[in-house]
């Protein structure tokens, strides 16, 4: 089996998730290629060496650009703060590497367009993979939902309601961080978690064509590292009413101050034949209401993940033996391997990622205008 | 104990709920007055007599105006289709009766204003009660939530998300009825169920000052009684992003085609100190997340209705022995008795009911404008 | 419509539930007869008069035996502490009245046999109704389960697991009461709540023919009214493995010290074709797992009570508009009316009630023997 | 960091779980040692080679005894059918290897004693680790429960109710397999899933000292490979009432025909200060009822796994980002590494595993006697 050399930039929260997935991938899927952990880039050589050892990489480097010129590296995986994505992605694409970029792609749609422009200039001849890390889409339950939607099992879609709410900044005691800064993070919760629920909505229900959004800063200032109060520069929560290309009505919401929510990506889809509810906090369950049940036998069914769900059997042959958050990354890595080796499509590529940025940009513009806006509209 | 004579117009769905509540009220609450079922008005004398007997009224009448001149009747209870409310309410007020009107008050805010104008002209001297039937507000769980909000137990409010969705018209086979007609019903789901969630939002979180709404007809035509297809004239579903007077962000939604929902009035309130979730389909439960729990002991608590909830002990001395939908009406009737005898405030009076109509009117105007509108704004 | 005169003994917790049900019955069911609240007996005339007024009875009496000779009373309803049931039931039967006795029938099976002996001696010629108050059986959801079982929808039954656990005596601070005394209450939790889950098990799954039980006193002494500690004389919790006449294996449990449970009557039935779960704390829901669903579409369905459930439509024409605890008593009163007027069967009569006592007696004997015992066996 | 050489016997369901865990372990935990996948033994060389490649082992062998003499192998991991455990475990112990044996340890307690005898004879001088694979015990939620119990957070324990029910043999169409044979599997569901709930009960609540059990064959015969019907030789379901050394009452149940249950290991613990509920189908949640909450604020709290739970942070720094079934094995492997390198205790060693077998043997004997039996009693 072929080795696909991985060069990973960043060993924080999501960087470690990458590492676990690369290491576990083959015992789970047995192919079609082996992600080989070649090099890990961190802010300095010492940290890079330490993390490389801990996370199972062959070597570390304090200079991420080393990865670009390494012959044994096929994929540049970017798991760094958002403001760094553009530069790194462009460099990797120019170096002729496959890119695997953690969400969100960039700080805004124009940045995303810059990356795409380089990609298009560069990739005319070759065929390099570009994939974003939107791991929630890889859940076998979500793949099942996608199948149900594509097959018409829900009938025509009537309504989509989604949110990704957490409470990691609900306390006013949480200090000011790069996430609160426009320069470093761009948007607040919209780019961080909003991008997840937007990606989910579009993955399942198609393009969003217009929306009217609202944004809100709940905790206006936080202590910075010096102990001084500093103004929060981007939204703590946001909501929007939307319309999809199909004409379907929808609602999206995101918050980093939603006290009580820990991994609160959730959605409900109403169809004319069936309805669906999903909550990432119970990621191995799908709630399904099927119209047309016999009298007195209608109700939401709680379906546990099982061997009929795509990808699940690679983990376990027994139904209901649930997957975890990290397992979603293993599936995502498998998508990457299949894209490289088998030319398979990826869940979110540069273009789809740019469309997510476009929705966010429109959301913010609409909030400023206090009116509906077309996505990408003049 | 004093008898309060009741004259009820209408013995359909909600009329029967009234009758059950009047009959059960005293065994439950033991006072402060006894709702005495004097007369029931229906469309003809035969039906009125039949229903009066079945529902425990002393007499029936085929002419609702008979109730206005009956000396033994103190309260006119109006449980008829929406388009009839204005005429009946005005007549009752002019006759010097207390009025107890099923929601929504009228077809729109101007109609509501007409009723209020008569009330103000009439009631200068006397002190007559005017109460709307928004029974969901009378749930002991909701009263508990109200207490928590008023005492600051949730801290400052951050977000309100509410819906009232049902599926009674989800099937395209459901025929065209008066509810689909603008002349007979005014709005579609907005007046029917939307008014419930708007009343709940305002009862708990205060006035809504601006909103951007959207409305949608999902099933454009239905068979009428002749078997011919007839165009549906009002919305099947509607949603709006809103702002409350407090500045809080919120979202409201209503649908009569939400496949799977049977009594889907539900809301979530995020506060800075605690968050709350409620679903009328589990009307005896409150989900409460309290910030500040010890490490590792944070979570949503499912609290069952108990003797610490207002009104509950009148039904049962044992915690968790849940109430039903009809019991909410018994509590509402008790509010009416207390208002008449003890001058106590009512949950929703004519003014609060008009404000609900105003939100609905603004919602529809906003949807047409595709922009935010101030409620009651020029 | 015919009036059925009611004479109620006892106006405590369950006595009040009776009163509410008698008052509300006709507005709900409209027949087949009207329970007329004639007289209420309490411990003295003053209390009787006060409660009669509050609960809607025509008159009160400080002497329950007055009810026996009143011509306008057809039914003697007994809602007194257990130790009084035998004397009152026998007197009522001898007086030629219908009897409606709150559970449990008596302190033990021999007492129950005494009552039955009088009934058989007395009732040779006449046809008087004898009905026990096991109100949980009257839930439309339970009636639906019964229908499913009778029709074979679950296939052959494989396992029954039931409990009725509450926590009203979980705190050691709860004082010694008559419930802790063998003379006054007989058993502890077995007669109080155990009888409910035994009645449910036998109602749904047929006779219990053998069992091995265990009992336990968790809090050995409690303060009595004088402040002195007094030894608790009967079980705080009990459990038993059982076999039904069908051969099916089962498990029953009851506790009055199960911290966290408020109305914890719950059961699970496994069948070869479908399985069921029910919890009285969510009394309007039935969880149903149907074998034979398409691949990937299997799961427990949460079915809300609806118009297809027996008795439900009398309360409300809208699905999911849940019933409350008190509504079960209204249905039970309707069963009584139907039994008297239409000769319909009752959910639990004297014989079925005696069989429940027999299971309890066997349970206690088995615990003493530390071995299986046949129910009613030598 | 030190490598610990692993020799794994068996690459079926649970063998693959081992392999995933060995590969992922270091990226997750970063130490204290690296499980190095040296050799995989399977039934023949070809299958061994194929699986070794797929699962990340250096080499394969068709002869498991090769592992015993390999110098680079420190641990023999046994993931084979139950009837093979004894021979392999004894051989491994005699060869001076650490042993890591999948549950159940053996076919019965006498077999377990044979293994222990060899261990004691062999291990006088050296200090070799012996650990059983009871992975459910490694859940961070379960570790949290254990901490709560040990610290007295639940007060005195009042009742334990546990079950491990699944439905993988609920259909009569499931063919006769080695699991139905006494010679190959020993017991039926008792050894398979019963051992899990027994291990959980004893891990959390201490030794079981007496019990009265019952067993049942629900589907008496199944088709074998030839298509002929063959009698099932061991129990499809079993239940027992038990007493723990503390005096606490308990109930245990297991079934392989419990239609609807997929990974139905669940338990409830009632204490005098708090109560707990857990269900492996929602393995990232703990339900906790704390006595002593303020009036009207009591309820079961749903706590999501978080960074305060032991081991969780190694997987993810964000609360509520749930673990999966396979992750439990990664934690178990970490226990093994810590036992070998740091002399830390293991969750279940040979002695604890033998005690589990003893409970099973007593259960079966008690069912035959139809009476309580002391565990390990004469």
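Observations, loosely collected:
Order as written gives the chain letters A, B, C and D; numbering starts at 1 within each chain.
Everything that follows uses one rule, which is that a contact is a pair of C-beta atoms (placed from the backbone, for glycine too) under 8 Å apart; a residue touches a chain by one contact, two chains touch by 3 or more.
The shown structure was predicted, so the numbers you read here are calculated from the model rather than taken from an experiment.
Two chain pairs, B-D and A-D, are compared here, and A-D has more C-beta pairs in contact (counted per touch definition above). More than half of the contact pairs of A-C, counted by residue number, reappear in one of B-C, B-D or C-D; that pair is B-D.
Work out the mean CA point of chain A and of chain B, and you get 42 Å between them.
Averaged Cα coordinates give chain B a centre that lies 54 Å from the centre of chain D. Rounded to a whole number, the gap between the C-alpha centres of chain A and chain D is 35 angstrom.
The set of chain A residues that touch two or more partner chains comprises 298, 300, 304, 306. Only residues 158-159, 161, 170-172, 212-214, 216, 218, 237, 239-241, 243, 249, 251, 253, 255, 257-260, 270-275, 289, 291, 298, 300, 370-372 of chain C touch chain D when the two sit together in their complex.
Remark: chain D residues 144, 286, 288, 290, 295-304, 306, 308-309 touch chain B in the complex. Those residues of chain A that touch chain D in the complex are listed here as 1, 13, 16-17, 19-20, 22-24, 26-28, 30-31, 53-56, 168, 261-263, 281-284, 304, 306, 315-327.
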